[in-house]
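Shared between the two complexes below is subunit A, which pairs with subunit B and subunit C, respectively.
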Partner chain A sequence: MKAVGARLPRYDGVAHVTGRTQFVDDFRVPNMLWAKALRSPVDHAAIKKLDVKKAAAIKGVHAIVTWEDVPRLVYGHLEALGIPGDEPLLAKDEVRYKGQPIALVAAEDEDTAQLAVAEIQIDFDERPALFDIRKAADPDAPQAHHWGNWYPHFEAEMDVRQIRKGDIDRAFDQADTIVTGVYRPAAIEQLPLETQTALVVPEPSGRLTIYSCTQALYFSMGVVAAHLEWPLNKLKFVGGTVGGGFGGKVDTAAETVSALAALKSGLPVKWRWTREEEFLCSSTRAPWHMEIADAVTKDGWILGRRMLTLHDSGAFARFSPYGVTKHSFHHTGAYTIPNLHFDGYCVFTNRVPTTAMRGFGVTSVSFATELHVSRVAEVLGIDPFELRLKNANRIGDTSPNGIAYADPSTVPTIHAIADAIGHELPADYRTMNREARGGDLLPEHLVAQVGKVDH
Partner chain B sequence: MAKHTGRGLAAIEYPTGMNQNGDPSQAWIKIKPDGRVDVFSGTSDIGNGSKTIQSQIVAETLGVPYEWITYDNSNTDSSPLCTGTFASRATFVAGNAVLKAAADAKQKLLEIAGKELEIAPEDLEIVDGEVLAKGSPQKKIGVPDVAAAATWVHGELITGTGAQLNPYAAIVDPETGRVDSPPHAAISYAACAAEVEVDDETGEVRVEHLWQCFDVGRAINPTLVEGQIQGGALMGLGLAVLEECYPYYPSVEHRGSEFGSYFVPGINELPKIDTIILENPSADGPYGAKGISEMANNPQPPAIASAVFDAIGVWVTELPITPERVLRALEQKARGPRRDGKWAIFDEDLSVNTVASKDSRFRFPVGA
Partner chain C sequence: MRFVVNGVEHEVESHGLQPLLAVLREEVGITSPKAGCQQGGCGACTVLVDGEPRRSCLIPAGALNGVEITTVEGLGTPEHLGPVQAAFHEHYGSQCGFCTPGFLLATHALIKRSPGADRGQIEEALAGHACRCTGYVKILEAVEAAVGGAR
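Moving on, here comes the complex of A and B:
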C-alpha cells in the first residue's frame, strides 16, 4: 500500500480524542513546587523599589526569582539572525507593558505562591504610555523603548525595511488612475487550549529536565541555555506534543524562569499560566497599519505600488523585525508588479509584545493587498477575476526582491474558484495558464520582469 | 432594512520555510531486530499532524507499512535538531530530513539484504515490507528477516540519518531588499471566494459559504490537508468578523480575559466550505509537497471584506468587520473615494496623514 497520498489515521488522534494524551500539565513529580508571577499592573513605569523579603518569609515559599537571579538577563530570541536582544527575562528597573513579569514565587501550592506574590513590596513611578503606532514618530510622543519608538537595527543599521524595484515615479506618471487605501487588521489571540506551561525537574546528575509546550524544542532549549549560560548537554527538553500553539508558543515564555526557580529551590517547579494570563499577558498577533497606493492603467495593469507599513510590535522586538521583513517580501501578493516603493517600520508601543501567529507577517499584507485589488477592480469597472488573472504571477516573473518564481499557481487556483462558483470568464482569460509571459500578456512594462528560474 | 448577499474573491501566495531560509531540520532512524522502524525527529506536533506526515514519508521511502513506524519527537536527548514547527516548514523542511534519513537506512538495509540474497543492492527494491529482486520478484526476503540477519548474523545496526538545510538568503542590498538566493523553500498559492449575508439594520455579517482552492504541491495525507484548510478557514473567519484583543484599539482598555468576552468562531458560525486541492508538485519538496498550514487562514478576510462590499456597497478596511463598523460605514456611504485628478483616495481619516503630526517621520504621499 502506498503511504504517501493515503488518508491514514492521525498518528496520535485516538489518544487525543479519548483524553489519554499527556500534555505538560499532566506530568506530576514528587516534591513539586508551584509557581506564580508578579506582573506589572501598569503600562509603563520606573520601578523605584522591589523587596521580596516579606514574601519569602511566608511558610511554604521556597524561592523567589527576580532579575538578580538571571545569569544573562537580556537575550534576543533571534540574535542568530542579527536582531539584538532588548527584553529582560524579568523586569529590572522599569516595566513597559501591563502584565510584564517581574518576579516568580515557587511555593508548596498555588494559593501560597499567589499569597506571596501579593506580599512582594514594589513601588512604581508611572510614565506616559504610547499606544497609537501612527503617532509614534510625533515630536511629543512618549518614548516606549530604549532604542526609540521604532526598530533601528535592520541591515546596515537602517531603521526601516525597504523594498525598491523599477521606477516608481515613472509608474505613477504613466498611470491612468491611482487608488489609495488604508488597512488595519486587529491583534488577535493565538488561543491555545493549553496555556503556557512548564515543569522543570533538577536531576541528581545536575542536569535540568524541562517539560515544555514549546513549538520548537531545540530553539527553546537554546533560549534557556543562553539565559543560564549553560551548554546544551546540561538540559533535556521533553515535549513534542503541544496543546495548540498557532505561533504563540514560539515564545519561550515559562521555561527559563521556571528553571531558575528550580535551581534556586533545588526542587521541581511547575508554572502554568491561568486562562486570564494567557489572554492578557501572553503575546498576540500584531495589529498592523498599511497604506497602499496602486498606479494602474485603465485596462487593468498594475504598474506600480507604493506602500507604508507600521507594525505594532508592542513593548519589545521578539520576532517582529523578522515578521516585517517577511511582510515586505510578499507585498505584491500573487501578482507581478514591476515598480515598487515599500517602507516598513517595526513600531514599539506599551502593549504586550506581539509575536508569531499562523501566517506571520503575511496574513496582514494578504488582507490589505487583496482588498485593495478588489477596490482597484471596482474603481476601474473591471471584473475582479480578470484583473487578478491579468496581473498574476507566472513562471519566470520576478518577486519584489528579484527572485524568479518557479511554480506559481495564481492562474490555476483562480480558475478553480471561478469554476466552483460558476463565474464565467471570457475565452482569453479562461485559456490563460501559469507558463511564462508572451504576446498580450507581456506588455512593455513587464518585459524587464521576466527572469531565469533558479531552483 | 434588509439582508443583502454578496460575493468576494481573494488570491494569495505564501512561502514554505522560514523567510530567508537557514532553518535546518535533522532526523535519524534505527531499525529494530524485527524490522520495525523507530524515527527520531525534533519536530513538535502542535496539532498540525507532523507525526503522521513524517511517519507516512518514512513508510513510503522505506517501502514498509505505516503501522511499522514508531515516531519519537519526545525529547532532545534522543531526537536531533529541528528548528521548529512554524513557518509552514514541518512537512517540507523536516519532511525532507526524515525522507533523507529513510533513504539512508534503506540503502543499508538493501546492502544486508543483498548479502542474504546474493544479489547486488542496486538490483533490489522494497515493496510492502519485502525486499524483492527487480524483475524477479520471486527472489525475496522480508524486511524483518533482513533486520534479524543484520542483528544476529552480520553484527550490524541498520540506521539512517538525514538533514535538510536551505541556505540562508542574505539581503545583499538593504536599500532595495534584494537577496542573493531564493528566500523561501517553496511558494504555495490559494484562491478563495466568500459569500456573505449582511443585515443592514443590525450590521451583522454572516459568512454563508467559502470556496477554497489550495496548491499543496502534493497531499501527503489528503484528510490532514483538508483539516488544515478547513480549520484555517474558521480562523480566517474569526479574523474577518469576530476576533480582536483590543476592542477600542489602539487603547488597551477593556480587553477580553476569558472565553466569554473574546469571540472566536463556534459551530454556529461554521459556513459551508468547499475545498479544492490542487497538486502542482514542488521540485524540491518531499514527494512534491509544499507547506500550506499557515496560509490557510489568509485568504478569507479579504474575500469576506470584498463580499461585504458586494452586498452593501461599503468598504470596511479595519478588522474585524463588526456590526458597529458596518453600520458606521453605511452611515458614511455617500462619501466614496475622494477624487483628486487621477487619484481615487479612500480611508483618509485612518491615514497617518490625518492622525500623525505634520512633523512625523510617518507620512504617505497621496494626491496630485
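Moving on, here comes the complex of A and C:
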C-alpha cells in the first residue's frame, strides 16, 4: 500500500508543466489536411438537395465526405448492450438538430476547407421542432424521432423504464401526508478546454493510425471499425491524453468521419472542432424533468415514493437509455424507501444528443432527492438532519433495484456534515450507526424488506 | 518577421495576419500554447511577449517584429524545473494539463511584476484563465506556494 494516503507526484506532472505533453493537436505529420464540417443550420428539416460538386472543384480541396461514403451509416454507440442504432454518422435525408454533421471537407488549410463548406449546395424543407420534453406526448407534438417521441426498446420492448417495489398503494393509504415536488435541472456543457480533435494518418500498410482525445479508447475503436466495416486490427489508436472530458468525450465525435476523409484523400487529416462547434453541438449533460410524491408519516418515515422522470435524450439515443436505467436504480438517493413506483421515459427532442457527465443519470436524481428530503422535513417541521438519519441507507437495506447495501456511507456522512457546520444532534441521533436496522429503526413498514435479506 | 522565442531567434514566413498562436504551433513548432477558443476567452494560448502575458490567438504575426517571446518551454526543463513549474508540480496545480502552460506564464509574469502578491492580486492575475478540471483551488495553492518561494 504505497499509494493510499501518500502524496505521490503525478506521473504526467513534469510533462504538463514543461509543455511536453502531447495532445492530439500537438502531433505533427507531413502533408496533413485540415477538415471543416458542414453542419445543419436548422433544428429539424428534410434535406431536399445536397450537391458538393462546386465545393470539390475548389483548388486545395482534397476530399469531401458525405453519407454516401460511409460503409455502415447507422451504428448505435451501445448496440453491444442491446440498444439499437438510430443515428447516421452523417445526415442523409433529414437533420434533427442544429449542428448535426452533414459533410466534412478536407483541404490544404483551414481557410480553404471553410470556404469549400460554404460552397456546398444544400436545400432544406424545415419541419416543426420539439424542444420541451413535457410536450412530447401532446397529440399535436412535432415528431422528433422515427421511433416516436420516446425510446421504445427497454427490456421486453417496453417504452418506459419501470421500478416496482413493495406495495405502493398501501404506503400511500398509510401516509399521514403526501409531499410533492418537481425538479428540473438544465443541460450542462462539459466544456473541456481541448475541443474535440482527431488526427487520422493512412499508413503504407493499409492501416489507419488514429490520434484520438476519446475518454474510451477501445470503445471508440469499436465505433470506428463498425462504421468502416473494418476488422479492429486495421486500426491503431493513439490516445490516453485527454484535455478534459468529464463524460463528453465518451461519444466518438471526430474520429470516424476524419478516418473516412483520410481514406478518400489518401492523406493525413486533422479535424479540430472550434469552440463554437463545442457549444453548438457537442453532447451535453441532459436536462431532466422529475416529479416526486412521497408518502410520509408525521414522525418522519418515508413510506413510499411515486416518481415520474422525463430524460431529454436530444435527437438520438446514444447512451441515454442506459442513463435512465442508472437513474432509476438510484432514484431514492442515499435513503431507503421500501415502497416504490418509478416510471422513467427517455424522450427525444430536436436538441443536440445528450450524454454522460460525471455521475451519468445519477446526479440529477441526487439533486432532486436531496431537495425533496429537505422539503419533507420542512413540511413535517422536523430537523432535516434527523429526517435524513432516520431514513438513511443501512447495511442490509435494499436499493430500488434490489441490491443489498454492504457498505452504505449515509449515516457517517451526515454525522460529518453536522460536525463540520456545528449542528447539534439529539443523543439518539448522534449514536445512530449504519448497522442493520433493529428496534426503533425497524418500524413495521421496513420489516418486510429487511426480512427478505440474507445476512 | 524576426523575433526571439525562448532565447532563440526565428525568421518566419507566415502571413502577417496569421495569429501568433498559429505561427508558433505550425511554423516554429512550439505546441505548448493551445487553441482552446481562438477568440481570447480561455487563456490556454497565453505566451509572454516582452515579459507580458498576451493571448497569442489574438496577436497578428505582423506586429511581432523584434519582440521577445517566452513560452512554458522557456521556463525550465524536465531536469531543471523553474520555480513556478516546480510549485505547480508539487502542489497538483495541473490536472489534464491543457490550460497549464497559460496559468504558468501568467503566474511567472505576476511574480516578476509583484513579488509579494496577495490572494486578491493572484486571483486578478489569473482571472482570464479557464480550467475545468481543478476547480481552481489546487491552482491557487500552487501559485501561493510559488509566490511564497519567490518572496
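We take it that the second predicted complex is superposed on the first by the 446 of 455 C-alpha atoms of A that agree within 3 Å, B and C clash if a C-alpha of one lies under 4 Å from a C-alpha of the other, contacts with A are read in each partner's own complex, and residues count from 1 in each chain.
In this section, a residue touches a chain if its C-beta (ideal position, glycine included) is under 8 Å from a C-beta of that chain, and two chains touch if they have at least 3 such contacts.
Note that this is a predicted model, so its numbers are computed, not measured.
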item: Subunit B versus subunit C as contact partner of A:Arg96, first or second or both or neither; value: neither
item: Partner chain(s) touched by A:Gln162 [first = subunit B, second = subunit C, both, neither]; value: first
item: First (subunit B), second (subunit C), both or neither touched by A:Gly181; value: first
item: Touched partner set for A:Gly333, first subunit B, second subunit C, both or neither; value: first
item: Partner contacting more residues of subunit A (subunit B vs subunit C); value: B
item: Which of subunit B and subunit C A:Arg272 touches, first, second, both or neither; value: second
item: Contacts of A:Arg127 with subunit B and subunit C, given as first, second, both or neither; value: neither
item: Partner chain in contact with A:His445 - subunit B first, subunit C second, else both or neither; value: neither
item: Touched partner set for A:Lys249, first subunit B, second subunit C, both or neither; value: first
item: First, second, both or neither for A:Leu191, with subunit B first and subunit C second; value: both
item: Touching both subunit B and subunit C, residues of subunit A; value: 9-10, 12, 191, 241-246, 275
item: Subunit C-facing residues of subunit A, complex; value: 9-10, 12-23, 25-26, 28, 190-195, 241-246, 272, 274-275
item: Complex contact set, residues of subunit C against subunit A; value: 25, 29-32, 34-39, 41-42, 44, 71-73, 75-78, 81, 85-86, 88-90, 92, 94, 96-101, 104, 130-133
